[in-house]
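Before I ask anything, here is the structure I am working with.
As written, the chain order gives the labels A, B, C, D and E, with residue 1 at the start of each chain.
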Amino acid sequence: MKNPLVRQALTLWVPLVLTYVIVLLLVQAGVVDAYMQVTIATICINIVLAVSLNLITGFTGQFSLGHAGFMAIGAYATALVTMRFDSIVGFIGGLLLGGIIAALVGFLIGLPTLRLRGDYIAIATLGMAEIIRILLQNFEFTNGAAGLSPVPQYMDWTWFFVLTVGSVMLIRNFVRSRQGRDAIAVREDEIAAESIGVNTTRSKVLAFTIGAFFGGVAGGMYASYFYVIKPEQFGFLKSIDILVIVVLGGLGSLSGSVIAAFLLAIISTLLQPFPGVRMILYALLLIVIMIFRPQGLLGNRELSLRLLPGLRKRRRDDAGTEAA
Amino acid sequence: MEQLAQQLVNGLALGSIYALIALGYTMVYGIIQLINFAHGDVYMVGAYVGYFCMVHLNLGFVESLVIAMAVCTVLGVVIERVAYKPLRKSTRIAVLITAIGVSLLLEYTMMFFVGADTRTYGVLPPFMEQSFNVGGVLITMKQIIIIGVSVLLMVVLQYIVRRTKVGKAMRAVSQDADAARLMGISVDNTISFTFALGSALAGAAGVLVGVYYNAINPLMGVLPGLKAFIAAVFGGIGLIPGALLGGYFIGAAETLVSGYWSSLYTDAVVFGILILVLIFKPTGLLGSNVREKV
Amino acid sequence: MSILDVKQLTRSFGGLTAVSHVDLTLDQGELVGLIGPNGAGKTTVFNLLTGVYPPSSGTIVFSAHGQTTSIGGKAPYAICRAGIGRTFQNIRLFKELTVLENVMIAFQQNQRYPLPTSLLRLPGFGRAEDEIRDGARELLEVMHLGHKAEEYAVNLSYGEQRHLEIARALATRPTLLLLDEPAAGMNPTETANLTRLITQIRQDFGLTILLIEHDMSLVMQICERIYVLDHGIVIASGTPDEVRSDPKVIEAYLGEEVDHA
Amino acid sequence: PQGDTIKIGLNYELSGDVATYGEASVQGIELAAEEVNAAGGIDGKKIELVKYDTKSDAAEATTLATKLMTQDKVITVIGPATSGGMKATIPVAERQKVPVVSGSATADDVTVDGNGVKQFAFRTCFNDSFQGTAAANYAVKKFSAKKAVILRDSSSDYSKGLADAFRETFTAGGGEIVSEDAYAKGADNFNAVMTKFKGQQFDVIYLPGYYTEAGKAIKQARDLGVTQPILGGDGFDSPVLAEQAGAQLKDVYFTNHYSSADQDPKVQDFIKAFEAKYSAEPNAFNALGYDTLKFVADGVSRATEKTGEGVQRALAETKGFAGVTGTFDVDENHNPVKAVVFIGYDKDGKLFSEKG
Amino acid sequence: MLEIKDLEVGFGGITALKGISLSVAEGEIVTLIGANGAGKTTTLRTVSGLVRPRAGKILVDGQDVTRLSAQARVKRGLVQVPEGRRVFPQMSVLENLELGAYLRKDAKSVASDLDDVFARFPRLADRRKQHAGTLSGGEQQMLAIGRALMSRPQILLLDEPSMGLAPLLVQEIFSIVSEINAGGTTVLLVEQNANMALQIAHRGYVLETGKIVLAGTAAELTSTDEVKRAYLGG
């Protein structure tokens, strides 16, 4: 366990590859049935959404209520491209295009609005997402309120695995780097960050753009798996849903977001048999969890094998020894 | 010209409703910096209480209005004590999520009991169905009532906050809760009082809307809640005159965009204006525009 | 050779002129004090020098490394990169981060590697990170904080937090360091220790220092020159002895008896 | 699926945006299921309903349809109520070979699109273009309308479908659409748009939307002195429309599946049973939900093989199914072939109906 | 008059006060000195009721007030001037002072007390309509003290009143405290500026990492070597 490369292989790559292979085998053997597959898909999409929003809100401290807007852009781009070019190349192209347009919009919106503080950013991002939704609802080429369907389905377990793990890893790499630390400094104290040479606008816009990119990718995953997209799916409440995952997992904790995405899927499944009261129970649960665990499941810590109970100090970032 | 005047009357009535809801948002925000997402749902409950009073108990408009305000007052205080008070020391975003939980809880509990379908206030007393033609501009009695009651309640509110002892305590708590404690102010009671006041206004707005549109449903609070929040931010959140200004502005903007362009883009335009205003005036129209003192 | 040249610097807030026509020069390597009553505009001068507020009028010219920069209207981060570092009157640390991370963030501004290197962990990432970490650690040692590297900033004592602020400012590799009441809230013994530390870092890092302080024992002991500000105006300047005996300064600031000078 | 009950899945919007439609559909379905079970069930087996809430979310509809078919092993899934939700479940149905049936997914391309007929998708309502066309013809025939304005619901594809068909037919017959506008679901305030319309010359207003907003729109239009006839679709069919518009419900007409004034005992029995169970008058969603369950039950009982595929074959062959909302056959595109009824409130607010 | 017995206070994992006992007699100025983070502020905040202790008792005039809320203690005459002044920045000087008298019902005597405060701090009288947030540090400190006086304190708890103040004002503030004390108010004073504090105090305690390590009259403490070395810079 001394060699960092060996340790990383044991704690990261081996479990990941095992997870992939085992699920793949279970799917093929029919043990993981169609319903469980849909659930896994939902979890994966939520992970990408939550992790990318966490980058913006949890790490950089910019309270965004508009993540569904980026998701919508990615979903529509992927849908439009794959509906025209129904091939794997079209799918990958659509996914990338969706991410890039979302990132571009994030960049353009971010530049002026990120000068705002706190709740004012929340409302500006909310406004942006609503404008995107309303435009999608009124454009001809997006087919208005009826939305687009059927979007060719390319997403399968392999794609979900690659995209989810890839997104989480890239975002993790980002937050554990110079640029990521700059972003965190902005969250902690913007004026102090500026005074020590952090270009705070650049930092915020960068985080916002990257977050938007992955929000777009998640939208593409969604469109390609669930084959029906409509503007109303990307409303304000969707942004709230994503925020709930992030806060529940812990602002500034990527593993928290991942765990919360699983947890919410489980909660949702458990509540399904009670359609009449499921929302009431869900609401109560939300309140109770927040009262008893206001900092979220993991706070701003990361889950790791070294995080032993009672150990107060956060695990040190071992980024320096991780060069690939 | 006539049409413009008509549209402005329409906008004024709509704006009054936003302003009433926005006031509650702004007061709560002012005192504990919470975007109280459940506020729109308190308004919904107010509408249902009014409905129950008028349709099932056959009470008059004024009695129903008062009862709805009273019930909402209690509801607001209970929400604050049960759901928000335990989170006094937590991050604001945690309280925000709790507020979302409370919002869903109110919506779906109501839906559980009364169903999702729209309810109507039914036949109103004839005097409320009157309308007046002022130089070609049609003004209904209901519009007059809405504007009148809103303005009255706002004046009362402004008096309470500016002139009374408890109003002073509210401002003290909002500026520095610990220092307020050292003055002998009970912070918890003051916060509860703020919620009571804001919720009472929301309850009044609920009944007014029920009468005005003659239609209520358990999700009716979501959209106006959002709009009112925007109105509050627009005017400068935490400021009572700001909420008023924001409410009227959004009412007028919506009406004019629908009236002279297309309803398709009403919300988009309102949000667009909002973003622009914030970019040039980052703390809202009436907010003071200074950078934090370091 | 002057490294900072401030001419007719003015800043108002609404009706209030917090800083009014201030002229101020600093020579390379000097340690200069800025004193004056509460609300005189001292912190505002710092905020103008570091770009927190743009000046209402006046010019600030800063020369370092053979480069001359006009400060007025520049963003704070750009001014920092030009070579002005500062601490804050009300401590502003990154509270939820460790002591080491606080300094690393400042240090890494001069140790830049591109985004793809971060995202993809390209070769060079590890080395760059190691350099940042090691550089930051060294500075912590200088400020006697090495043993607290892994502690959260918020858990430090007040005095340690003030030290950390200085370490973080040093990590930006400033030529000019602005210290805003570094000894506030310290008792005389702690103040004495700090005084030694300030003279030491000036020497070791070849700094020019401008310092705001109400503790006259510190100011009179280490400052070579002093500017006195009152109502935004420079009412006196000169050596400590000149300033101490200036009746205007006594009247506005020092009071009759200066007991522990 | 074996066992002593016949499991039918309900996959409806019970919370979220369009909970109203989901909830109303389920009321009708549950009433019908009770009746079927009280009458001895199907071949002696009782119907067991397995009900889930899609939260008005298409992806959730997919998830739950999958769950109903693979884990609960239902023989047929009924719902969702909206076309978007329904479309999200059809590929699942095709893959799992279990039919999905909706009583209110009216978009033209639900059961058939460019790729052909969706074998496992059915519905018991007529589609949008059918209603829109009928309304346009009615406007021309009854009111000799030359100019129309359209006010639709921008968040509903149903509304868009009706508006598109109306516009096409109306203009093809030489009419002109002088103005068109849209509101978002949940809108309360129609004063602005009605004030705008008032300043224009036209003969009829086409308002393809749901009663929730239409009632308010009608009332506000009449309050402002807009006097032209107002036409709508089956979305108007609810007692709430009359309650909201009150005395202002005058000169309003809409296309519908049936008329509650119809003296056919089937219709009257349904209305009585519904009022007895829910102490409220039924609306279109209630009636369509009711018919849909009966339609599915009929298919199941005729199916030789009690499997999804068996039921699919039986449903596709349905002939002369007599429901509350009309008697119909299932055509080759899996649409019901129904007659349209016009319901109207004349200038004095008196209710009448006429066959189309 | 004020008695603290075995007070223990913790925040999460940190124990800030590890069982301290002290007393202040009527008419006394007692000062509490100690390094940064020793627990001085925590002591005052616990006495005034802003912080709940884990264990121990606080007695005022022999009555246990440990369980009372902060506002109830204000009623008992226990009033704190908090660290960092904490005036209400968006309110005028006058409104700040009126809030000091929040619990008092006797409008007349409040008005006369207000005049007294203005007489004591003429600078505040000049600025009565100005927002407190825009006052200079020294003016804010005066306001904070004036505001506390408005509630007619029996015991005044002062937390570092000289922090961040210009030398001139430091002297002024200390003489004001002496005057107030001379007028009959008991004072518990926390100060970093130990030299000055011990000059006006009758007695003092030295706090080190949550424990009282020394106690005595002001003169005794001033001449103790340890105190000189650690706190007086001598």
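Quick notes
Criterion: contacts are C-beta pairs under 8 Å (C-beta built on N, C-alpha and C of every residue); 3 or more make two chains touch, one makes a residue touch a chain.
All of these numbers come straight from a predicted model, not from anything done at the bench.
Shared contact partners of chain D and chain E are B. Path length between chain A and chain C in the chain contact graph, taken as the least number of steps between touching chains: 1.
Distance from chain B peaks, on a Cα-centroid basis, for C.
Rounded to a whole number, the gap between the C-alpha centres of chain B and chain D is 35 angstrom. In this assembly, the C-alpha centroid of chain C lies 31 Å from the C-alpha centroid of chain E. Rounded to whole angstrom, the centroid-to-centroid distance between chain B and chain E, based on C-alpha atoms, equals 42 Å.
The mean-CA centres of chain C and chain D are about 72 angstrom from one another, to the nearest whole unit. In chain D, the residues that reach two or more other chains under the touch definition are 14-15, 17, 154.
Shared contact sites, meaning residues of chain B that touch two or more other chains, fall at 108, 111, 264, 267, 294.
Shown for chain C are the residues in touch with two or more other chains, namely 52, 88-89, 92. The part of chain E that touches chain B in the complex is made up of residues 48-50, 69-71, 74-75, 79-80, 82, 86-91, 95, 98-100, 102-103, 147-148, 151.
Note for the complex: chain D touches chain B at residues 14-15, 17, 19-20, 22-24, 154, 181-184, 186-189, 191-193, 195-196, 198-199, 211-212, 215-216, 219, 223-225, 238, 240, 243-244, 246-247.
Residues of chain A that touch chain D in their complex: 33-35, 37-39, 42, 137-138, 144-147, 149-150, 153, 222, 226-233, 237, 272, 275-276, 278-279.
By the touch criterion given at the top, residues 16, 36-40, 89, 155, 157-159, 181, 184-192, 214, 216-217, 252-255, 257-260 of chain C touch chain E in their complex.
Across the interface of their complex, chain A is touched by residues 29, 33, 35, 83, 86-87, 90-91, 93-98, 100-105, 107-109, 111-112, 226, 229-230, 233, 237, 264-265, 267-268, 271-272, 274-275, 278-279, 282-284, 292, 294 of chain B.
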